[in-house]
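One chain, chain A, appears in both complexes that follow, with chain B as partner in the first and chain C in the second.
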Partner chain A sequence: MSVKAAVIRFPGSNCDHDALRALSETQGIEACYHWHEEKIPKNTYQLVVIPGGFSFGDYLRAGAIAKLSNAMLSLPDAVEAGAHVLGICNGFQILIESRMLPGYLQVNSGLKFVSKLVDLRVESAAYPWLRDEDRGATLKVPVAHRFGNFQVPKIDLAEVSPVFRYEVNPNGSFQDIAGIYRKFGNGSVMGMMPHPERASFPALRLADGQRLWQNAVRALR
Partner chain B sequence: MKTMTVEIRVRFKDGILDPQAEAITTSLKRLDFKGVESIRVEKLFVAKVNAETESQAIGMGREMANKLLANVVMENFEVTVAAS
Partner chain C sequence: MTTSEKDLARLAEAVGLTPVEWDFLKGQVGRLPSETEIQMIGVMWSEHCSYKSSKKFLKKLKTKAPAVLQGPGENAGLVAFDDRRALAFKVESHNHPSFVEPFQGAATGVGGILRDIFTMGARPIANGNYLRFGKLDLTKQRFLLDGVVSGIAHYGNCVGIPTVAGEVRTDSAYNGNILVNVFSLGVVDRKKVFKAGTATPGSSVMIWGAKTGRDGIHGASLLASADFSEENAGDGQKVRVQVGDPFKEKCLMEATLEAMTNLASDLIAIQDMGAAGLTCSTMEISYKSNVGMTIALEKVPAREPGMKPFELLLSESQERMLAVVKAGSEDKFKALLEKWGCEGETIGHTTAGDQLLMTFNGETVVNLPVQKVQDPPPFETPEPEAPSADEGRDLRPWTAPNEWDVLKAMLGVPSVATKRDIYQRYDSTVGGGTLLGPGHEAAVIWTGETPDEFCGVAFKGICNEQWSKIDPRGAMRANMLTSLRGLACAGARPLGYTDGVNLGNPKEPQTLWALDESIAGMNEVAEAYEIACVSGNVSLYNQTVVNDQKQNIPPTIFAVVVGKVDDVRKVRPSVFQKAGSEVWLLEALSAGNDDYPQGSLYERMIRGGLSGLPPFDIAAEKLVQDACLRGLEQDLFLSTRNISEGGMAVSLAKACFGVDPDREPWGFEGDLLKYQTRRETLLFGEGGGRVIVEIDPAKRSELMKLGMEMRISVKRLGSVTDKGVFQLKPWMSGSVTELFKEWSSVFK
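Our next item is the complex of A and B:
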């Protein structure tokens, strides 16, 4: 049995193709697109990826409009039932706006859009994406964002774990945090600013992101 | 039922760093506005709403802010009915 994965698409998503391809090219994953107007059915997808881009043109605040879509409103139930969600970049912004993850994303401290390769340190396991053995590993992955300066008034480490930290902080985020993870019912929610789906192709000599997809297959199949 | 103008003003909470406001302040100083101590950037939403009373209109404005116009994790808001 393949692991079933969905990539939610919004008007303005632009990393949906990369995400679908990164998932589909992983042996053991069967991935499809999921239009935002449709509810996410329970017990259908084991993995749900919210891709990067500019959903709804980033109007009002990045992610603020997308959180009201049928897909996002139905997502918590699917996660409670066991789905594992990964929000990448704009996907992370949407998860934060929908309060499935804590904190807020402020404009980068340099005020500029930052697009470059960064080194990410894996800080903790995050089932099914990262295992205990991955702790301490460094992944080379691109970032591309203007609102990626993650801040949090207080972080309850019992509930939320910082999964990734930047080796060199590109945006001023709190404690160099690049991604966070929490368990949620029988499933989980992970959000990160960097783009593992863009670093999933050996032909580009940029394939560290594959670790997430391969781990997910190993954990869930 | 009356049509009223509701103004919803959204701003960052105290203590939330606003790099945009800091950059504007620095630029103003560069323009020799030496007396400028700080700048605050706010968003203003002007809504025309139909309501029976002013307090009902304000209630609608507050609900809009809570549900969409403000992210209350990082922003405060203020709702007023504009004089017509």
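Our next item is the complex of A and C:
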């Protein structure tokens, strides 16, 4: 049986196509869009991806409106029941706004939007996306954001683990953190600024992101 | 003349109509036009909308070629890409608005060009921008640069279209008139193309997207089509600049593309609302489809109460579309638009005949015979005339300063220096298809879809306005050949091009001469490559004040060439890949041993101007480009790089620097002692038909064989190292980091 995955779509999401394609092209995953107005049903999706973009224009704070959608309000119950959530870029911002992940994302230390390829170091396992064997691996993926400077007053390592660190920090984030992960009920929540879904195609010679999707299939199928 | 006729004549003059046009209008309508009608026609017959000065020259453009599916005249041009898909693309200018309000001016420029693409039914997949500023040591120019870049980033990043290529150059001639040209490209199913000219009588007319406000009124007629100077570019003009909302655009784009898929058979015709908003879009659809239209203006969703009919008609509020849909299907469209947070309102219907009838609360305000008033009367343009030959060519004698110092100075020239600090502010990877982005010879986007899984699209556009200053025809030939060579370096074959024309005052014979000559230059290349111009834009009245005198900008024409890559796996980057590999020169047009580097940046630096253009030859270009394509197919190269501005020395240095600032630049060890060419020409000459390639030393004989087969010369230049030294024996040697610093400091 294939792993069921949903990509939540908000007005203003713009990495939704990329995420859907990256998931769909992974053997063993069956992916679909999920419109933000609909609640996320429990025990339906094993993977839920919140894609990048500018949900609702992000004219207030990035993710501040999206967190009020039916999809986001119903997400904790689905995760509790076993869904694994990955928020990428704007998705990470939305997860933080929803308080499903700690800390906050402030404007980049350079004050400007930054779009470039970065090297990410895998710091820990993160079921189902990363395995123990992946620890220490370096992944090449793009970043593209203006509010990606992750800060947190105090990190409770028992609860939240930094999964990715930048080799060269592009935005001034705390301890070079690029992504964090926590368990949540029977499921989990991971948020990251870089875009693994844009690095999932061998034709582009940029395919390190595939590791996440392939691991998920291996773990959940 | 009665008093009211005098008042109307004064209004006609105020909206830019000439006395001849005013008389013509009265004749065509058969009565005195109303105030609102005069306002509308003022915009429709403006230079910006009617192309009245440039039209007869543009007609000479070669617009037919095997790949062309839609030439100039629609929202964007179309070329066949594969059996199933077509590419829609176009370049457009937003110069004057960007000078008045750089952030919104540039942002709405991006918005406008995106709408042109998705109105055709195409999903935009890549953007580019071609910018000109004045001297960057002026605070005002730095302000404009930052505003324009922020505006482009704000809009493009939010809509989620990757900005993957562009050009930034500076010249004091742009001090009072910067150029902001934006390009967009989309992919469309050949069977699902939508147009403006397909409306039928008895259908409903809907307005989609944002509400109509009071912004941008008279932008097209009084800002883009009149004499422009710094003094009149003050706050008074700011109301003529539109305000953009990229989130609205994104939603409108998704809604429109969804409607084109799910409600295709109910959607009859569609036109985006750009210049002159509702006026231009209603008249375009009526004119092209040969139908009439009846519109109730009070039904147009307005942003504020009390808007007058002429304001509704002339507003250039952004993110709006005019659609003609099957009667009875309106609610389906409304529901779909609502899902995306967009307004959808039925404002009228199409009729048989050609009358455009508009009422406002029951009162008729417009009643125009569209076919008769769409075009202005024949416009008297002066005879084109070449400028006097030796104007401004007081050149210093040739000297030969230290080569290392020259190279360093060149790397710090804005057009050569890295634009990294600019392009890192543009999202260049959204869409997940960017194979070669900014910093490479050409942009390449992977567009593979089963069954053609590995194909891609490439594009490149350059314009060396220093060449256009002295020889617009030769300049366009050289510019296009350079772009085509860039495509070949990226493994792409050309399909077509779009041209963004930026010129000075069309009332001057020299301006029209430059247009005529530029078109001739583009046609020469288009003929040779069997491609055509499929879309474009003309921006006139680009002038800057020098010593109290208005001076035209140099002719600046962006011919952006679009091509197809058959297999993206064969594409190689434009920067060196590894230490130990060899670097070779592919050359089809070698300079004579005693030739000076005419037409080069070097000549400009040494002599203060240019004595002519560098040598370019179409046949030689084709040889080297074919060799490039063949070599890539054979997996012969590790990287490829064009030789263009700054010559071979600059190309080698840039290939060492790479696109990733977090990595140490490569070194280069080269020996040029054996070459007979004059040293400054060998190092800095900009003659066409030359490319540098990086190969594995084991492939040397294969490369030589390629050279023989393709009848070009191949010469070994040296090797890539990781020693941090840039050396071209016997003339220069030094730290590559020192060069890198010069190259990186300009746009910080």
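Worth a mention:
As a convention for this text, the second predicted complex is superposed on the first by the 221 of 221 C-alpha atoms of A that agree within 3 Å, B and C clash if a C-alpha of one lies under 4 Å from a C-alpha of the other, contacts with A are read in each partner's own complex, and residues count from 1 in each chain.
Basically, a contact is a pair of C-beta atoms (placed from the backbone, for glycine too) under 8 Å apart; a residue touches a chain by one contact, two chains touch by 3 or more.
Predicted model only: the values in this text are computed from it and were never measured.
Of the two partner chains placed around the shared chain by superposition, chain C is the only one that A:R21 touches, whereas chain B remains out of contact.
Using the contact criterion defined above for the overlaid structures, shared-chain residue A:N108 touches chain B, although it does not reach chain C. More residues of chain A lie in contact with C than with the other chain of the pair chain B and chain C. After overlaying the two complexes on the shared chain, residue contacts for A:E97 are found with chain B alone; chain C is out of touch. Once the two complexes are laid over each other on the shared chain, residue contacts for A:L73 go to neither chain B nor chain C.
When the shared chain is aligned, no partner comes close enough to touch A:C32: not chain B, not chain C. In the superposed model, A:P11 lies in contact with chain C only, and not with chain B.
In the superposition on the C-alpha atoms of chain A, no part of chain A is touched by chain B in one complex and by chain C in the other. By the touch criterion stated above, chain A contacts chain B in their complex at residues 60-61, 64, 68, 97, 99, 102-104, 106-111, 149, 151, 153, 172. Those residues of chain B lying in contact with chain A across their complex are 16-20, 23, 68-69, 71, 73-74. Of all the residues in chain A, the ones that touch chain C in their complex are 11-12, 14-15, 17-18, 21-22, 52-54, 56-59, 112-117, 119, 142, 144, 167-168, 195, 197-198, 200-201, 203-205.
By the touch criterion given at the top, residues 153, 157-160, 245-248, 250-251, 254, 340-341, 423-435, 446, 448, 453-454, 568-569, 660, 662 of chain C touch chain A in their complex.
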